[in-house]
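Listed below are the structures to be examined.
The same chain A turns up in both complexes below, where it pairs with chain B and then with chain C.
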Partner chain A sequence: MATQHSRSAARLMMAPAVILLLGWMLVPLTMTLWFSFTRYLPMRGDSIERGLEWVGFENYVRFIGSSSFWPSVQATLMIVGGVLLITVVLGVLLAILLDQPMWGQGIVRILVIAPFFVMPTVSALVWKNMMMDPVNGMFSYIWRFFGADPVSWLSDASVPSIILIVSWQWLPFATLILLTAIQSLDSEQLEAAEMDGAPVLARFWFIVLPHLGRAITIVILIQTIFLLSIFAEIFVTTGGSFGTRTLTYLIFQRVVDSQNIGLGSAGGVYAIILANIVAIFLMRIVGKNLDR
Partner chain B sequence: MARAVSTRRKIATTTLAWLVGLLIFFPIFWTILTSFKTEAQAINNPPLFWGFEFTLENYAVVQERSDYMRFLWNSVIIAGGSTLLGILIAVPAAWSMAFVPSKRTKDILLWMLSTKMLPAVGVLYPISLIFVELGLLDTRIGLIVILMLINLPIIVWMLYTYFREIPGEILEAARMDGAGLKEEILFVLTPMAIPGIASTILLNVILAWNEAFWTLNLTAANAAPLTAFIASYSSPEGLFYAKLSAASTMAIAPILILGWFSQKQLVRGLTFGAVK
Partner chain C sequence: MGRITLDKVRKAFGDVEVIPPLDLTIEDGEFVVFVGPSGCGKSTLLRLIAGLEDVSGGEIRIDGQDATMVPPAKRGLAMVFQSYALYPHMSVRKNIAFPLRMAGLDAAEQERRVKAAADVLNLTDYLDRRPGQLSGGQRQRVAIGRAIVREPAAFLFDEPLSNLDAALRVGMRLEISELHKRLKTTMIYVTHDQVEAMTMADKIVVLRAGHIEQVGSPLELYRAPRNLFVAGFIGSPKMNLIGGAIAKQHDAATIGIRPEHISVSPEAGDWKGRVGVSEHLGSDTFFHVTCEGIGEPVTVRVGGEVDLSYGQTVWLTPDANQLHRFDDKGLRIA
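On to the complex of A and B.
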């Protein structure tokens, strides 16, 4: 029974949030779009005040044409794909495990979830030094204990190392969401299947997994959006070397290290388009959920 | 009815779950343990799990040498400030969307969510430029505003999902009893909304505390929070494992404790209400 009065009041209450987010989206985005069509090298004296030279799509062509572009796409795909695979598979298994009756369930849950609350710079440095260091890291002790030569993880197996670190950070997220989804599963259905003599694997494949389908999709979409823009984990471990330069990191280097704003902005536009493709799928699911 | 489970099976799952849990937690445990060792013991081979000399010296040294408290204070101000500012702006918005929904409410919510998907690196330079122009570079107020903006969609969404669960009939009942708009908000709605607001605050403090793109790129000496402070340890000199551990432990301890209280909210907040 919303009256005209309450409608305009509602609009007024929404205004600050909407205006702020609109500004936050439009202003920098317009600037990035503008820069991407110009030659903009602040180190050589280009500035907005003096007017930027319009170069059309040159930056877009050069960004894709550069020798670092395809390797960065490859690194991005490997890292995002690897982390998704590990977190979803282990997440499902862990969620099922944590759903079983056991002693100390609450404490185990806390242990499993803890990595999510560790700030990215800390987890990256802890893994780099305490775990993966070829001289003093825990892995090197274990390797030497078994008589093997320690591995310089972050230079010799850099991409798997980054995947391991990031998976460790995101496994709790996947587990927690999948666990929440599993707990909403009708246990009577499972019991009935059990009594009918359905083996464990069949129960998992035909009852549990379909039930988790939606949650898995959500985990994949949300993680993809966050994983596409991981930064600190690479910044403090490899600094983008040894084949760990992702698309995000490449753009960062173009903008900050080589101060080529035009080129970096063109890369930024590519990244924005990529993120939006993923976002559309996520929004559809979330939008459907709103109607219910 | 709980399923009957054999004790043997329960022992097996308990053992397996504890092993996995301890394995996942190990890097954190090892960091905390190492922070209480001397530098020499920290890199001892074989690694020392017990029998080392327990010392608090690292904590003292970290504070003394790098003025840890200043970074901690910056983190508190930035995470707390951005969350409170976000709540102030989001509560009216989420409120009106939940109680006076219109045809466009859904579109507005989804559009807000879409701003969260904007890759930060795509707008890094424009933001730095604006920050330089406005004198906001390396200031706490600048970071408060940025972190508020990137988390505002999550705050609005979380509040909206909580507010929507408050039954509208209760308002009508209050109105029948002769409550005015002021009483309605003050005595009926607010008490019911407080748990949701508290959960939202909790989750957003955690997200802002751990944010590590803007905090690394927009701060230098003055406004750097703990994320940036820890990153400065990435190019170490000499013996530093125990000190790195002490600094890390101090940086994550407050949020680990907060985080343990917020497991449920985490799911709701980060899936935008799609999984509850």
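On to the complex of A and C.
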């Protein structure tokens, strides 16, 4: 009796939170779904009050048929993949470095985390104007110092530049998670491997890396979710030109620049599907890794 | 071959000298136990021999060759750690084969040696499991298996049984002794448990604060402890150490008498006392007797079941031949 009472009481008390969260998620989702099946051009006078014209899958067909769709998917995957690769590899190396006892460890660790606290817009502006600017940027000075012609990063090497900026932002996150994982490694295991005749690289490959496996999958999972929707970095730097138009950015252009809400919503639904495919894929890997 | 010689080996962490210069020889095929209270430097000494810590001075020789600066892997020693230090993501088979794989042996030879080790240690059925799926005793055996496949010059054990429960510990103690008899390889074993030391060792090294207090066979240490520390540390229950007037009668600052060398009588004897708590083990009975003129209660061990009630007056008589005498510096008087 008591448990049943407390169970229904618990449900009652959780209800506000659950309803709020559901509403928060479901209302925009339903509206996006609805708009994606309608012709909704506010500049041509379409509005919800006057009723939207139902057009079926027309928006979906047009969005996917557009010449910028596949390049945008490609750009998205390239940026996400590049950032993941850089943050995981450098994150592991930095974590190992920071795990070594050294003078000023506390301050160095805080400094390493710092980029994570900088707003994406701000960090993109800083990179654009202070580092990558072909005239006044830090890089241009270095290039000129060595007698080379400065590179106009954001137009000539736009995708790598975006990857660099976003990696800089996410490296602290990866480092932090990997550092805590590395700290939990039993030092006796490393000593045992040393006695067993494993040189430094073998110890890294056979002991440290498998130990980090779980943390690495978590880093990949969380970062992928956030990286699929990066926007500010692109908006501030290239504005989607020079091959940096990701799926997210394309949707933004369809809705805001072209004022075609129906078409943009269809793109949004594609993005949801893409994110879910990636998520399912990743969850399986993580699940496999967490089972052990 | 596994003859290990320590020549004035010294270890200091910064300004703190953990092990003052120390000499010790471990003969080939010997089972040597380092025993002492926690913090006495016994584990550090073992790690110095293993090469996991660098010595601050002195020389370590293995089979006559200077190994002081040789990296751990090249010393030909295998170590079993307190936490077992198994590789959690590898199967038992891969764990045991790891040193062979690192040595670059071919797969067939690896498999043959892993099989042989698994046979010796009763691990054949568990080869494909992961360490996480094994019990404490089985993990311990995997750790030993990983050590024996290398066919090392000597085995180093760092408190290997302290994570096991009491019943398993007795079993594993026997298995390790058995293994030593079969392999006839030098073994160095670190423990704080004097029972493990007494039951397993050919030679016990009693350590305190980095100093060697005494080296000898278990019975030598039992019969003739060189000083008060060894006298109090070796033997269970502890030796009774009595000072004051009674010690003076024997021309000593302190006398020691083991509980098993005291006889109890309800009628007559040397020391009069009252029975306190008694512990009945079935095979033995321990009495804690408060005696006149002796500060601490005297522990007495009597074979079999003896019934003496709490508060009863008894007379104790120490066996004069088993009396240990110590001078005012705590050293044994011959």
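Convention: the second predicted complex is superposed on the first by the 274 of 292 C-alpha atoms of A that agree within 3 Å, B and C clash if a C-alpha of one lies under 4 Å from a C-alpha of the other, contacts with A are read in each partner's own complex, and residues count from 1 in each chain.
Criterion: contacts are C-beta pairs under 8 Å (C-beta built on N, C-alpha and C of every residue); 3 or more make two chains touch, one makes a residue touch a chain.
Source: prediction; values computed, not measured.
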Combined model on chain A where chain B meets chain C, clash or fit: fit
Superposition-derived comparison: chain B or chain C, residues of chain A touched: B
Contacts of A:228 with chain B and chain C, given as first, second, both or neither: first
Partner chain(s) touched by A:271 [first = chain B, second = chain C, both, neither]: first
Chain B, chain C and vertex chain A (Cα centres) - angle in steps of 10°: 80
Touched partner set for A:218, first chain B, second chain C, both or neither: first
First, second, both or neither for A:240, with chain B first and chain C second: neither
Touched partner set for A:101, first chain B, second chain C, both or neither: first
Partner chain in contact with A:91 - chain B first, chain C second, else both or neither: neither
Touching partner for A:126 - first (chain B), second (chain C), both, neither: first
First (chain B), second (chain C), both or neither touched by A:193: second
Minimal inter-chain CA distance - chain C and chain B, angstrom: 6
Contacts on chain A seen with chain B and repeated with chain C across the two complexes: 191
In the complex, chain A residues that touch chain C: 186, 188-189, 191-199, 202, 206-207, 210-211, 213, 292
Touch list for chain C against partner chain A, complex: 50, 52, 71-73, 77-79, 81-83, 85-89, 98-99, 102-103, 130, 132, 146, 150
Chain B contact footprint on chain A (complex, rising order): 2, 6-7, 9-11, 13-14, 16-18, 20-21, 24-25, 27-29, 31-32, 35, 48, 94, 97-98, 100-105, 107-123, 125-131, 135-136, 138, 141, 144-145, 168, 171-173, 176-177, 180-181, 187, 191, 214-215, 218, 222, 225, 228-229, 231-232, 235-237, 248, 251-252, 255-256, 261, 264-265, 268-269, 271-272, 274-276, 278-279, 282-283, 285-287, 289-291
Sites on chain B touched by chain A in the complex: 2-3, 5, 10, 13-14, 16-18, 20-22, 24-25, 27-28, 30-31, 34, 42-43, 45-47, 89-90, 92-93, 95-97, 99-100, 102, 106, 108-110, 112-115, 117-127, 129-130, 149, 152-153, 156, 206, 209-210, 212-213, 216-217, 226-228, 230-231, 233-234, 236, 241, 244-245, 248, 251-252, 255-256, 258-260, 263, 266-267, 270-276
